[in-house]
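Look at the two complexes coming up: subunit A is in both, with subunit B in one and subunit C in the other.
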Partner chain A sequence: MMQHSTISSSMNSPALEIQNLSVRFGDAETGATIIDDVSLKVKSGEILGLVGESGSGKSVTCLAALGLLGGSWHTEGKVRLQSSHGQESMNSKQLISVRGRDIAMIFQDATASLNPIKKIGKQLTNTVIRLQGIGKSKAKQVALELLRRVEMADPEECLHSYPFQMSGGQNQRVMIALALAGNPSLLLADEPTTALDVIVQSQILKLISSLRNRTGMGVVFVTHDLGVVNEICDTVAVMYAGSIVESGTVQQIMESPRHPYTKGLIDSMPTLKGNLPDGIEGQVPAPKHRHWGCAFSPRCVKAESDCARSKPIRTVLDETHSIACFHPLTDKEVTKAPRTKVDLTNVKKNDDPVPLLFLENASCDYATRKGKFRAVSDITISLRFGESLALIGESGSGKSTVGKLILGVEASSEGKAHFEGKKVPLLGTAEHREFARSVQLIPQNPYLSFDPRVTIGAQIEEPLDIHRIGSARERHQRRNELLDAVGLTAAHGDRYPHQVSGGQCQRAVIARALILEPKLLICDEATASLDVSVQARIIDLLRELQIKFHLSLVFITHDLRLVRSVCNRVAVLRSGKLVEENEIESLFLKPQHQYTQELLASVPDIPAERKNRNG
Partner chain B sequence: MGKMILIKILRAMTTLFLVVTFVFFVLRITGDPVSAMMPDDTDPAIMDELRKQWGLDRPLGIQYIEYWRNLAQGDFGITYRDGRPALDTVLERIPATLKLSVSSFLFVLIAGFPLGVLAAINRGSSIDRLVMALSVTGFSLPNFFLGILLILILSVQFRLLPAFGSGHWYNLIMPVITLGTAGAAVIAKFVRSSMLEVLNAPYIRAARARGATEKSIIWTIALPNAAIPVITVIGFMVGTLIGGSIVTETVFAWPGIGRLLIDAVTSRELSVVQTVVMMIAASMVIANLTVDILYLVIDPRQRFASGSGE
Partner chain C sequence: MSTLENIEEFEPQSRTGAILYTLLGAPTLVKIALGWLLIVFFVAATAQWIIPFDYQATSLLSRLLPPGATDLKGALHILGTDHLGRDVLSRVFVSIQITMLVAVFGTFFGAFVGSAIGLVAARFRGIVDDIIMVLVDFQASLPFVIIALSVIAVMGTGNMLLFILLVGLQGWERYARIARGLTLSAINHGYATSIRQLGAGTLRVYLRHILPNILAALIVQVTINFPETVILEASMSFLGVGIQPPNTSLGNLLSYGRDYLLNAWWMAGIPGFTIFFTTLSMSTVGDWLRDELDPTTMSA
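And now, the complex of A and B:
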């Protein structure tokens, strides 16, 4: 049974202290251990970043602190909160009274976290009445005041709106206002900016930071993005497979990580400076299949035989910095810079005067109930053989629609879309069949692009079946060649999509796209749903394949950090219009358009330099 | 929103028109009221005379136009047997049917919703299993069988309730259970699955994180959201109730339009059958219209998605 208790209020006392938290799912004895002996402390006015790949237990830790895990979860350990109640331990009823008042939480998908059928004003007022015990008319004023505190553009209007009428960023502000309604001393923020566009993300981060300054509340900020951590956090705890492997100040973690996993995560991050992300081999093990001893050892570059024998205990490096590792990185290893500067010169280019891809003043309209909506307007882009072009933009910028124009999924309403000098045929026509052999798509969610009931191998072969290429044996052989090329084995071909990890599944999607030997690959947010450690390796793969198969790439993404290491040229889109297009180096170093400058300034980036301990 | 409702009303009128037309022709094609009413050995000349008198000898098309002309003047035709206006015959039966179907409808909601909620919040427990077992049983029992079963047990065996009659409130108990059980079972099942889905929604977790009590979460947040998909089912339910009332009224000798319809069909009282069917169709159409409008009222997303929001 978990004990919740409160710490009597005083300055500098921890806003939250978790001691030896363990969480099991399923049966109390035999169930899977999700969280294994986690201890952490957040001081008042401090922002702690809780980072790690998906499945490392970050969110579960937060939910356990709130006592919000359901009946199938068993928690042990102590959770102490700063509170004026002065109680020593809490039962579930007292926990309810603590939630919202002493400790509040905000979530990733703000729009889905608000009651869809009630006006925001009503939701806020009800919460204020409940948490502050004041009358209705007073509560309305408080609600308005809260919306002002979260810097809502038009608080009056917001009160009378439903969540679905607001943007994701506005709803996240509403969520924060709701969280502030009880004047909590601790805010748990579970990936609150992950679903937001980069400029909005930057605004929300600033808001959280300034609210912390004004109220002095402690914040636990869960994120997988080390750039965000670097931007907003004071201290960091790195989690892997349910344990904290390293913790320290943000400077210690970002500049001199000692745990190989922490460094792996940092090296996986693409940066604006164009570091080639490095990735980590393997994947986070499922709780039931965690390695005995150090759970990270199977993926660790420094693993030795003793790593498998027992679980490393937490060692203190200095007052603020501690790790759980038998073989911490040495100064030399820490400062070893990640691979830098991408060399795309060995990509075969030709000087064919006809560009591979040419969009000229292309526009695309969608029919809506209210008439035509122009998703893309007057865009001119050209791409030569062997080049790779990044299409950058926030949601709604029309970047995916440009992808559809190139793929022939949509026809241009005005202007033209040409591939190798010929008009791009529309999907469904006989010409498109032939065209599709040259242009292939890698979509965001690999699991959705496979039929769940057919083995991966059979689906990789399918394009050959459709185009009647080769005998059954040749097709099979070609399938295995491609599985090998994307870093999978023939055995993966016999599995079903749900039996492989997200990264492996995306590799299989790439293999399928390559089997017809296309000239152009459209990657539409192809790595957005993957962990950074996996993303880095997929990026690596794409670069390798680009050279090996003489591919041209169109890389559609919202993440500016990603493109610097992959593309030669970049086009920035906003509200369907082309804002700026340039060689990648020029655009990153000297952005011309104000919007591009704003985008670049909003990107949370990690520091370029590593220091050794004494540095 | 006003325009949407207008379109829905126009659609409803079209449905009504089609139903009336269909019933008109089907009734006239399938049998002759005169030969059904008179003894087999009646003089054919008399039968022809009667047909002429009631206008049944004229071409169908003419009869149809005539029928609409009369309808427009509020004339629903007369009964062949006693020459009374068909509308009066039907109207005097309506209160009894209304009493039965409205009570049953309330029973469906009052039993179905709480049982569904109860099962959902106790998911996987014995309460959940019991409610679901009851639901399957309730839905599977044909209502005439349930009615007879109730009569056998409550009236014949234990003599607690009268087997027929309609004067007292307790006369309603058995017919209402008979008519409403299947509906309540369906509603309980739908409310349960809808609730389970909603209880997993991020906004429920967020409300818990703000310290809302479980009771207020279930009744003020989860249930209104869970009710939205159930409303469609409630629309269908009204149809089932009206259809079921024909059988139930027969079993319990309830003096409503259901029994009137059965009698009228067997004696081929064309005007009465047409009027009853029109009433039933109208009530279904009105029920569905109400459901559609209710949708717009409860779910703001529907209201604004219609493109003519506030």
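And now, the complex of A and C:
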């Protein structure tokens, strides 16, 4: 049984101290250890970044700290919170009284975390009444004050709004206000900015950090984005497969990571500089299939035979920096220069006067109940064969609509959309069938774009069947060639989509798109749902295929860091309008439009000098 | 993504093995229901060979014999005889055969027609969809028995094929609704969009991809609809507009037995219980199947 206790308050006492926390799920036979002997300390006024790929146990650690794991979960170890109450072990009833007052949590999807049928004012006031035990009218005042504290633009208006009337960023502010209602000494933030656009993300990060300064609360910031960590965290704990593999100050972790996993994560991060991200081979093992000994050893570049024999014990490098690894990186390895910027000049270009893709003053309207809504207007883009274009913008900027215009899913209501000098036919027409061979889409979620009931291999072959290309044997052979080209094996072809990992599934989607030998590939946030370590490898693959198959890419994304290594041109969209279009280097070095400058400034980036001191 | 197992351990399982495994894990009640249905279907398939007596042979000297009695010739009537001295067991067996014939063909006919209408509505949308949905609402607000009775009143009784089609059509509007709703959500689901994007035609998208994905819900609807079809057949026959003598069905038997309820309970009781247990079993299995086929309740 886990002991929850509170620590008598004093200035230097930690806001949260976790000692030897282990969490098991399920019974002895079928269950598995999710969290294995984790110890953490968060001081008051400190922001701890908890990083790692999905499946490494970050969120479960937070839930255990809140005492929210019940049912089939078994926890062991100590969780101590700072509180004005004396030191005592707590039962579940006492834990409820602690939640919200001493410890509060905010989640990734704020809109989904709020009650959709109650006005924000009511949700906030109720929470204030419950946590502070004050009257209704006074609670309303407090609620308003809280909304002011989270810098809500129009707090009075917000009180009378429903969550669906607000944007994701505003809702996240409301969530933070809710979390602050009980004046907690510790805030758990589980990927609170992952679903937000860069500019909003940067505002929320600033807000969290300023609240920390004002209230002196401790913050545990769960994220997979090391750029964000670099931006706001003081200390970092890197988790892998349920254990903390390395922890230290943000400077120590970012500048001289000693664990190969930490280094791998850092190298996976795309940067504004356009370094080619490296990625980590393999995937996080399921809890039941963790490797005996060091769980990371099967994926580790430095693994030796002793790594598999026993579990590495946490060793202290200096006062703040500790690591669990038998073969930490040496100084030389730490500063190994990253792969340099990609040379896209060897991509075959031709001087055909007819551009591959040409949008001229193209606009697109959607019919809504209130009439027409213009999603994009007056877009002019021209792309030559072999060139690649990045479409950048926040959600709602119309970047996906531009993708739809190019794909023929939507028809332009004004202006032209031409591909190879001919009008882009609309999806469902006879001409579109032929056109589909030249332009293909890689969507965001690979699992959604495959039929769950058909094997991956059969779906990769299907386009050939649709277009009646080749005999059954030729199709099969072609499918295997493509599986190989995207880094999968023929055996993956016999699996169903749910039987492969996200990265593998995205590779299969790419293979299917390539089997018709298209000239243009539209990647609509193609890596947004993947872990950074996997994302880096998919980007790598796309770049490789770009050269191998003479592909043009249209790369639709909100993440500016991704595009510099893959594209030659960038178009920045805002509210359906093209605000800036330029060669990629010119745009990154000298952004002309104010909005582009703002976007670039908001990106949580790892500065090159930090990532690579000597490089 | 995070909870994905290591891919290496995924052995392609044989489908029959998986089904057998699911069956073994079913609750006892479901196993009993499945057992009963198995018996019913066996009887339906082999009735003409396993009946002990000619089901139409009357014998006025051995009228209304109770179950287990022997007649004058010394022949044992396990379930007794009816008011014309016909063997109830034989009649029940033959009735099961006809009732099942009507219910099985009727149900599948209805499922096919209803689902097809639903798919058409989802494919064409607009005015086609509107008209179909108005018909669906119209149908849903009118008891089907009334429609069936009026059709029979016009067309006359005794046409077996017409009767099967008529009884089968009962419930078409629910198939149409389910098929339409699921197709509409599936068509905007990624896989349908992707396959269209690859240049696939309508038939491929709807029949090869969407239909298999919505089939589970339709199968569950079949198991809900099937007992209703049995009951509709019985009701129509009970009212005398269904299966006509010399053919017989469970509803017919029930209708004759009504007059002798006090002095020969077995005449109505036995076909009544057969209907009761068969429909109950089908519903039980249907409920269980719905849970088994529902992906949201499936363990990861």
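FYI, the second predicted complex is superposed on the first by the 606 of 615 C-alpha atoms of A that agree within 3 Å, B and C clash if a C-alpha of one lies under 4 Å from a C-alpha of the other, contacts with A are read in each partner's own complex, and residues count from 1 in each chain.
Note that contacts are C-beta pairs under 8 Å (C-beta built on N, C-alpha and C of every residue); 3 or more make two chains touch, one makes a residue touch a chain.
Predicted model only: the values in this text are computed from it and were never measured.
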item: Subunit A residues touched - subunit C or subunit B, whichever exceeds; value: C
item: Contacts of A:504 with subunit B and subunit C, given as first, second, both or neither; value: second
item: First (subunit B), second (subunit C), both or neither touched by A:311; value: neither
item: Touched partner set for A:273, first subunit B, second subunit C, both or neither; value: neither
item: Touching partner for A:285 - first (subunit B), second (subunit C), both, neither; value: second
item: Touched partner set for A:416, first subunit B, second subunit C, both or neither; value: neither
item: In the complex with subunit A, residue positions of subunit C that touch it; value: 1-7, 9-10, 12, 189-191, 193-201, 204, 209, 212-213
item: Of subunit A, residues touching subunit C in the complex; value: 54-55, 283-286, 288-289, 407, 409, 427-428, 432-434, 436-437, 440-441, 443, 445, 447-454, 462-463, 466-467, 492, 494-495, 499-502, 504, 509, 512, 516, 529-531
item: List of subunit B residues in touch with subunit A within their complex; value: 201-203, 205-213, 221, 224-225, 228, 298-301, 304, 307
item: In the complex with subunit B, residue positions of subunit A that touch it; value: 66, 68, 96-101, 104-105, 107, 109, 112-117, 119, 127, 130-131, 162, 164-165, 175, 178-179, 181-182, 188, 369-370
